[in-house]
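The same subunit A turns up in both complexes below, where it pairs with subunit B and then with subunit C.
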Partner chain A sequence: MAVVRINVGPVHPSTHGVLRLVVDVDGDTVKLVEPHIGFLHRGVEKLCETRMYMQNPSYMEKLDYIAPLSWDELYVAAVEQAMGIPVKEGAQYARVILLEFQRIASHLLWMGTLASDLGQMFTTFMWAFRDRSKVIKLLEDVAGSRMFYVNMRLGGLYQPLPKDFKERSLALIDYIEKTMPEYIEILDKNEIFLERTKGIGVLSKEDAINYGVSGPVLRASGVKEDVRRSQPYYVYDKLKFDVPVKYNGDSFDRYKVRFEEILQSTKIIRQCLSMMPDDADVVGAPIKLIGPAAKPDTIITRRELPRGEGLIYMIPDKQKPYRISLRSPTFVNLSVLSKLCDGVKFADIFSIMGSLDLVLAEIDR
Partner chain B sequence: MKERGFDYLNKITAVDYVTHLEVVYVLYNTSTKQMEVLKVKLDPNEPEIDTIIHLYNAADWYERELCEMFGIKINGRKIKRLLLEEWNGVEFPLRKSFVWGKEYKKAV
Partner chain C sequence: MSEDEVPAEYLSRKVPNAPYTVEQFMNAEKEMTKLLTESEKEGEPKTPVNAVFAKLSDLSKMAPLVKDVITWGRTNSLWPLQFGLACCAIELMDFGAERIDAERKGYLLFRGTPRQCDVMIVAGWVTKSMVPRIKRLYEQMASPKYVVAYGECATAGGPWWESYNIIQGIDQVLPVDVYACGCPPKPENLFGALMKLQDKISGKVAGNNERSVSENMQRHEGARV
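Showing the complex of A and B:
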């Protein structure tokens, strides 16, 4: 049969954004997949060079609209490092708690959309959104807005935590730990889900390292690499948690790694809540449009975002950053797609793409 | 570098210092958890650099990005298509000579 070239996207329900795929198929077998990106390019790196330091966090949040707080924190941490501002101890705990809640919310959304991509209808989707909205509600009460928090300030947070924050967080993680086994019931024992994820899109350990993927995708291929462990920031070195690793490297393992990360996150939050002082001072400095007093050379800040490793390479200047370069984890994770899709069936492209957890705004920047 | 165990290419980026261009390689060792940063100075008028795609596959998209955003010529590989859709390939957005807010023409 002759090879036929098919255009998928740019607007397709399974691409979670605006992504165009050029697919060569022979019958139903995929010969070549080439992602074309750039439909959401806004030039964030250039934009940041024209704005003062603390005007930028809200742009950073729009990079990843599913887990905005993580990018917010990554950027503010880079600015803190440039200016030499220490983070208050209470704020360190509060930031870790909020970041882990954000990770749970992001993974839950991913789980729901993956299941609905795979034709599992809407049960998982509705359950995941039900649980996610509870997390989002808590974050909203902390920050004041529902999607884009802009909650980080130099040295701390924007405002004090609500009075009943501890009780509510404890109740919420109890709830999440109680409901997570339900997902095992509906996904791990679901024939359709297993058929469409097990052994699909296998990424070997050597390839995973060579292609530079990060986060859950890397850990599902058997590499134990997590910035929270290898270069601990804030209070992560005082906490006890595991880094979940799987060894098959297929879509199912990527699902499993993220699933276990949710449970590890609840563990981290529980420890932080017990270690955090009761009337901790978490409020950071108000926004001042100034830069670092002494000009440091280069700043490299790494963080473990929900989707993988985020890195900011910054050349600071007096008033504005001279250059900001962002390593977005999904940018690299998408570049491996053509490798993973070699020789699979056409419908499996979306299973693989879903399991990579793409956010196109972050890829195009 | 790869022989010394730096098996993970984290990031390639570049900085325009007007007097020269600097290409930055951020490399990482997954077994010893070390990070190393390599910087290469280039002539801003005719920037050229050798490809490292035979060592790290991760370099593929980053090198295309360098080509598109800074106009750096990558020796040793043929770039069929730049990274983003439909940019003209004459002006380079992340150079300092590219003015924010000015209108530039797209490729047709």
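Showing the complex of A and C:
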């Protein structure tokens, strides 16, 4: 049969944004997948050079709009490193708690949309958004905004935590731990979901390392690598948690890794809440256009974002960054798409693409 | 338009492809009631119910009541296009999820193809490479069609207003009916925007509820991008 070249996207319900795929198909078998990116490019790195240091977090948050707080924190940590500002102890706990809540929200949204893509399992979508909205509500009450929190300040947070933060967080964790088994009932025992994820898009350990993927995609291929463990920041070295690893490297394992990460995050939050002093001072320095001058050393900051390893390479100037370069995890993870889609059925492209958890704003920058 | 103002030659004119004159149907209410009661009589109906709807489309341009009925239908069955660009698309997903029951107002049927849609919600920043694609989606939608600019980026460029690859608002390219502001606007804000759009379509607030094709074309030619 002749090979037909078809176009998927840039406007397509299953691409989670504006990704264009050029697909060569022979009947229903995929011969070649070529991602075309750049439909959301707006030059973040260049814009950051024209702004003062603390004007940039709101740009950074829009890189990954599913987990904005993690990029916010990564950038502010880089600036703190450049200026030599220590983070208050209470704020370290508070940041870890908020980051893990953000990770839970991000993974829940991913789970809902993946299930919605694979055979219109709309119940999972509704449940995931129900649980996510509870997490988002807590983050909103801490920061004051619903989606883009801009909550990080030099040395701490924007404002003190709400008085009932501990009780609400504990109640929320209890709720999430109680509801997560429901997803096992509806997904792990679902014949359609299993058929469309098990054995689909197998990424071997060697390929995962060679392509440089990170985060849950890497850990689903059997590599135990997590920045929170290998280069601990804040209080992660004092905490007890597992790094979930799976060994098959298929879409189902990538789902399981993220699922277990949610449970591990609840563990982390529970420990942090018990270790955090009761009336901890978490407020950082207010935003001033002219801050302490940054040292001229080159900065590299790594963080474990929900989608993988994020990295900021910054050459600081005194009051604004001279150059910023970002390593976004999903850009690297996208590079394995053509490899994974070689020889699969056409419908499996969306299972693979969904399991990689792409965010196009972060890829295009 | 009352019956007195209609010129005689206009009344005797035949509607193309319709076996009746305009005069017969100036009183549309009476005629529709007649057709409906005939079809509801016992035994074999003389006029099939479908015929009523077939005639509705012919009548829509002249009979006020029928126009009202059609406007009512358009107002209460807005089908948005499933089309997200950036951050605001996440709030759009929240709009479709459990947070607010948007279906009670008649707009939750997100469709994947523009040919089935009435409303385009532009959610996110518009890059120069996206402009021809958005234009094409808009042209593929069946008229009457409406555009909601959702969020700061689609309204005025947002935080990217001085970027080299961004247009400062979708209204440079498409005729926008309602703007929803916020970064991103809450799902409730989209709900309010769509209610405003309903008011606009039903004629409660001022505004062109039906734009002509030529007007749209002018808009395209005058666009800065």
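The rule is simple: the second predicted complex is superposed on the first by the 361 of 365 C-alpha atoms of A that agree within 3 Å, B and C clash if a C-alpha of one lies under 4 Å from a C-alpha of the other, contacts with A are read in each partner's own complex, and residues count from 1 in each chain.
Simple rule for what comes next: a residue touches a chain if its C-beta (ideal position, glycine included) is under 8 Å from a C-beta of that chain, and two chains touch if they have at least 3 such contacts.
Because the structure is predicted, anything quoted here is derived from the model rather than measured.
Asks: Taking subunit A as the common reference, can subunit B and subunit C both be placed on it without clashing, or not? Answer clash or fit.
Replies: fit
Asks: On the A-aligned overlay, A:Ser133 touches which partner chain: subunit B = first, subunit C = second, or both, or neither?
Replies: It touches subunit C, and subunit B stays clear.
Asks: Quick one: classify A:Gly17 as touching subunit B (first), subunit C (second), both or neither.
Replies: second
Asks: Touch check for A:Asp188: first (subunit B), second (subunit C), both, or neither?
Replies: neither
Asks: For A:His41, is the partner it touches subunit B (first), subunit C (second), both, or none of the two (neither)?
Replies: Touch partners of A:His41: subunit B and subunit C.
Asks: In the superposed arrangement, which partner chain does A:Ile315 touch: subunit B (first), subunit C (second), both, or neither?
Replies: first
Asks: Looking at A:Asn210 after the superposition, I want to know if it touches subunit B, subunit C, both of them or none. Which is it: first, second, both, neither?
Replies: Only subunit B is touched by A:Asn210; subunit C is not.
Asks: A:Tyr59 contacts which: subunit B (first), subunit C (second), both, neither?
Replies: So A:Tyr59 only meets subunit C here.
Asks: In the overlay, answer first, second, both or neither for which of subunit B and subunit C A:Val332 touches.
Replies: first
Asks: Once the two structures are placed together by chain A, how many degrees is the angle at subunit A between subunit B and subunit C, based on Cα centres and rounded to a multiple of 10?
Replies: 100
Asks: Taking the superposition as given, tell me the minimum C-alpha spacing from subunit B to subunit C, whole angstrom.
Replies: Scanning every C-alpha pair, the shortest subunit B to subunit C distance is 6 Å.
Asks: Find the residues of subunit A that appear in the contact set with subunit B and again in the contact set with subunit C.
Replies: The answer is residues 38-39, 41, 43, 46-47 of subunit A.
Asks: Which residues, counting only subunit A, touch subunit B once they are in their complex?
Replies: Interface residues on subunit A, with respect to subunit B: 20, 36-39, 41, 43, 45-47, 49-50, 207, 209-212, 223, 225, 230-231, 298, 300, 309, 311, 313, 315, 322-323, 325, 327, 331-332, 335, 339, 364.
Asks: Using the touch rule from the top, collect the residues of subunit B that touch subunit A in their complex.
Replies: These residues of subunit B touch subunit A: 7-11, 13, 15-16, 24, 26, 30, 33, 35, 37, 56-58, 60-61, 83-87, 93-94, 98, 100.
Asks: Could you list, by residue number, the parts of subunit C that touch subunit A in their complex?
Replies: 82-87, 89-91, 93-94, 97-99, 112, 124-125, 127, 129-130, 133, 137, 159-160, 162-166, 183-184, 186
Asks: Would you pull the subunit A residues touching subunit C in the complex into a rising list?
Replies: 10-11, 13, 17-18, 38-43, 46-47, 58-59, 62, 65-66, 109, 112-113, 125-126, 129-130, 133, 146-148, 360-361
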